[in-house]
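Working notes, beginning with the structure itself.
For reference, chains read A, B, C and D in written order, and residue numbers begin at 1 within each chain.
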């Protein structure tokens, strides 16, 4: 057991992945000598050489297109897009190529690509540096999508993503990069299948469902609610595609109430999918409609307005109260 | 009153828009001399000259980027992307620029851009020519999204979109281009606000919610169900952003049951948003969870498998039956 | 490879192309993108490849490359039959990537593949086929720049066939030449008469050597002409003149090769082509329905539970 | 514009740049992207514009252009203050588009704007600022090709400052020169000493004339150097040498202009700059909280009902 920040845990996962499989390649903008703008790839070029860890020109579509070709040649690419909002220039390659080449080739070419994307908000960043793209990615057949909420989760989920034979979009909650936690990267991991969620805190009065940095937000809310005797269960969804519908249903069948929390805008966000899955499976048991606490339907704002945009403790508490007090109209 | 196909109705709408406002510009791949691969812009270059109706080089991002600049210079661009699947190369410009320049500039620059996208499947097309991107677009703050289901709707919605001061993504159901209908383009239109839905067929036992070509599919289903005495209400959502939540709630409050039908894959499709909105507003009245009948979570397949992929009459009927027979577990 | 062999391949491509159009007219193929006129460009370049180590990335109009590479042609044409988007041939064994319908989209794949080949030290070179229209796409620029920065063994093979659907190359390619763009990246760029099969073979062989020797990428712009419509639903009468078509008909690459061969060689090639056409036609017609559930195959390496649920119809 | 005026503008840019870094260190600005070293490139080009008809498209490091164009500097810097992403200045009145943080993303906007200006017959020319790194983006290629195909009045002004964060231009720009790419599009491309403010002014003035006269677009590559870090959270010590930094310090564009001016002119300019810095600093510090609900403004021309509902908190 030692203490790691999420950034260090991810760095270690990349290091171990490179050691265990010499087909793993790491590339992107500034990931080489600089070690990435968040230092997640720090020291890897020195360890594995500039053939396996290298800088690319500044072109996200080119990066993903190159990843496709490398995968076709039998390599295991782990590219980085420097910030969430700069995934958009690569969307065509991701949707039309990465997600489909296995299908298009009838299984002839595997696409074991893990795209790392520093994601979400909360760090007072410039425009385009705080976006949540999970709904977009989760809608695309052929992709898997995951987001860790803690250093330990980060380590294991990144190892699992790189080992996965399918393309995985790995969304790193950048506001959590520097938060530390103890875990043992050498400890044998339960071989959890892709698509399982995790109960981050058990409770019985309502289920809060979140991912990435919003898991921490929900844990804070649960802490506060507990002072009033309200026991909230916090589910860390982790895998945003495939979604653990069974796990969610199991929790909500017990609590009979659910609130889903995310940073992305409300409309057509992943909260709608979560809400629909839960409602579909727990229709008879639900005591209130699933509440959504999300970013608003506005462009992610500048620092001065960030706290107003992001789901706050207050907003989540208000939704919890609404679901607890809900009476069928 | 005369008869028009959707393709002709849209062509007429473009012509009238160009006549009424000499800031309207039409451009895209092959929209000039050829009149577009679906002939929606047929004859317009001859009428309005090659300064107002012109071909671009083959680059969708460039097309949308140019549209942004033209809008900044006070023009009213109506670009075309040749097929749905080729919107992806333009997504960065659409999300990071088109949808945000009004916001970024604090209202200094309007973005009255109408992006026409021949959309959805059903015509045995090559790969990338049958995609449904409405969930992606609807998630983006700053965009409006609309899809007409009939020639008359097409005419008026396109006029309304072009007149709108905000960017509108106009999704044309290409499988309906050649279907004809009588309407009077000169008739005064009820000034319907953006974001209203339309009851395409009234009924009382359940509400089918759809857009684009799936409206026709739902009307077929309603016809068949009527033979068995089941009266289905068909709501043509039309505006996919903003969504007419009040209109949907009004219908479902009466019928107490809803099925949403779309071509896009299930997971994180717009059906989830529709389902969540309806459930949220009609929780006490709903007699069954909202059913979704959608494309599967697979890449849009080749012609031989297309009918298996698209929501069929049978699949919709099965969902209707499921909602009618639903008993709280 | 010598002229008789190249001609023989071109003729097969020509006759299959004609047959595909005929089958489309007869309602047996939903649609087709004819390559008539581009046989020399496609055959000449693909025939130069070493199929033990090189790899080709086609778009949707590269039947000639498939013929030259010995790809199963029923499998290749099944993309037009609506059987499977990428075609039914084995892309790994064929050394021909699945058919790609995104204009310019596969070009960066060749760059990545070439980097992989270099890391493996195979000496393999990637060739990517794209059109004059595709040269406008950002992806093609990004790919050129990546390949040049890393000096990768890639051939950017542009078939400048004069048109991108209805847009002529002179209103598409600013400056007028895709090959001339190469200089801006510090790499080799050559223009070649794309209707001269030997010249194309030669230029490609040189570029292959350069790639294998660590000399980096090459842009080859093969000047040719799409003699037919863009696709079977296109009407070229709307955008180009008969004069232009007639002019290029005189430069027909297949006829041009035949003119330099003894009549009996040509006749034998015709007989051979006719036989291939027969087999391919029969193969296409015999292609049956797709098995139920194939829709759900190949989305992932192993299907996810959610997908199996959908297949089982627990989600209707 | 003459050297004293240009120097005076450069000095204001230099001193504000320094002040912004100081304010960041003092915790008064969340972050900043210094432009020290690029004053001549930015001021020299922007000062040549005719603000009654031209229009500039900046990225995130173009303070010098803002200074030369007389943009409200508190408004300009408020993007770094976290007040509003695009800045708080009036982009229409200033003729400077909102700050754009997508590398290469605003380049095609200049092309569209230039087409609009030509349709209106204003004689206006668009100038777009981008970096050596941005030249790798597909959007920049597409924009160059569009502008060249339509022969639009656009200046593609590339500040080649040697680095894109940690990646040096020689591993970014294959072939070594962004200006050299112009030939491939059949348009003018010039390289200019980006630390020579008069040379930049001259080159830009020529390109403006060309644009106004229907001569089409120009690529200007201004060779310069980012003397500071990429941003206030960057550490250049990780990727470049002190020698390199020292070498470029000797070519400091502001010092170079000053060396050709009488001491009292320089002293007066310093006094002026100090005064501007004081005003800007005070303005930044006086910038208050944002009004509640501003978050919901400007998403659409008129807010939608759904958005008003969210604002009213009916959706929490």
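Quick notes
Heads up, the rule we're going with is that a contact is a pair of C-beta atoms (placed from the backbone, for glycine too) under 8 Å apart; a residue touches a chain by one contact, two chains touch by 3 or more.
Predicted model only: the values in this text are computed from it and were never measured.
If you take subunit B and subunit D together, the chains in touch with both are A, C.
Summarising the inter-chain layout, the chain whose CA centre lies farthest from the centre of subunit A is C.
Chain centres here are Cα means. That of subunit C falls 43 Å from that of subunit D. If you average the CA atoms of subunit A and of subunit B, the two centres end up 30 Å from each other. Our note on geometry: subunit B versus subunit C, Cα centroid distance of 35 Å, whole angstroms.
Residues of subunit C found to touch two or more other chains are 84-86, 102, 136-139, 142, 145, 149, 171-172, 174, 299, 306-307. Looking at subunit A, residues 57, 59, 61-62, 85, 89, 92, 96, 103-104, 127-128, 141-142, 242-243, 267, 292, 296-299 sit in touch with two or more other chains.
Across the interface of their complex, subunit D is touched by residues 136-142, 144-145, 147-149, 171-177, 180-187 of subunit C. In the complex of the two chains, the subunit B residues touching subunit A come out as 61, 85, 88-89, 91-92, 95-96, 99-100, 103-104, 127-128, 135-136, 138-142, 241, 243, 264-265, 267-273, 275-276, 279-280, 283-285, 288-290, 292, 296-299, 326, 328-329.
Remark: subunit C residues 30-31, 60, 79, 81-86, 101-104, 133-134, 136-139, 164-167, 171-172, 174, 233-234, 238-239, 289-290, 292, 294-296, 299, 306-307, 310-311, 315-316 touch subunit B in the complex. Within the complex formed with subunit C, the subunit B residues making contact are 29-30, 32-35, 37, 55, 57-59, 61-62, 85-86, 89, 124-129, 266-267, 291-293, 296-299, 301-306, 308-309, 315, 318-319, 322. Residues 25, 51, 56-57, 59, 61-62, 64-75, 77, 92-93, 96-97, 101-110, 141-142, 144, 165-166, 194-195, 242-243, 245 of subunit B are the ones that touch subunit D when the two sit in their complex.
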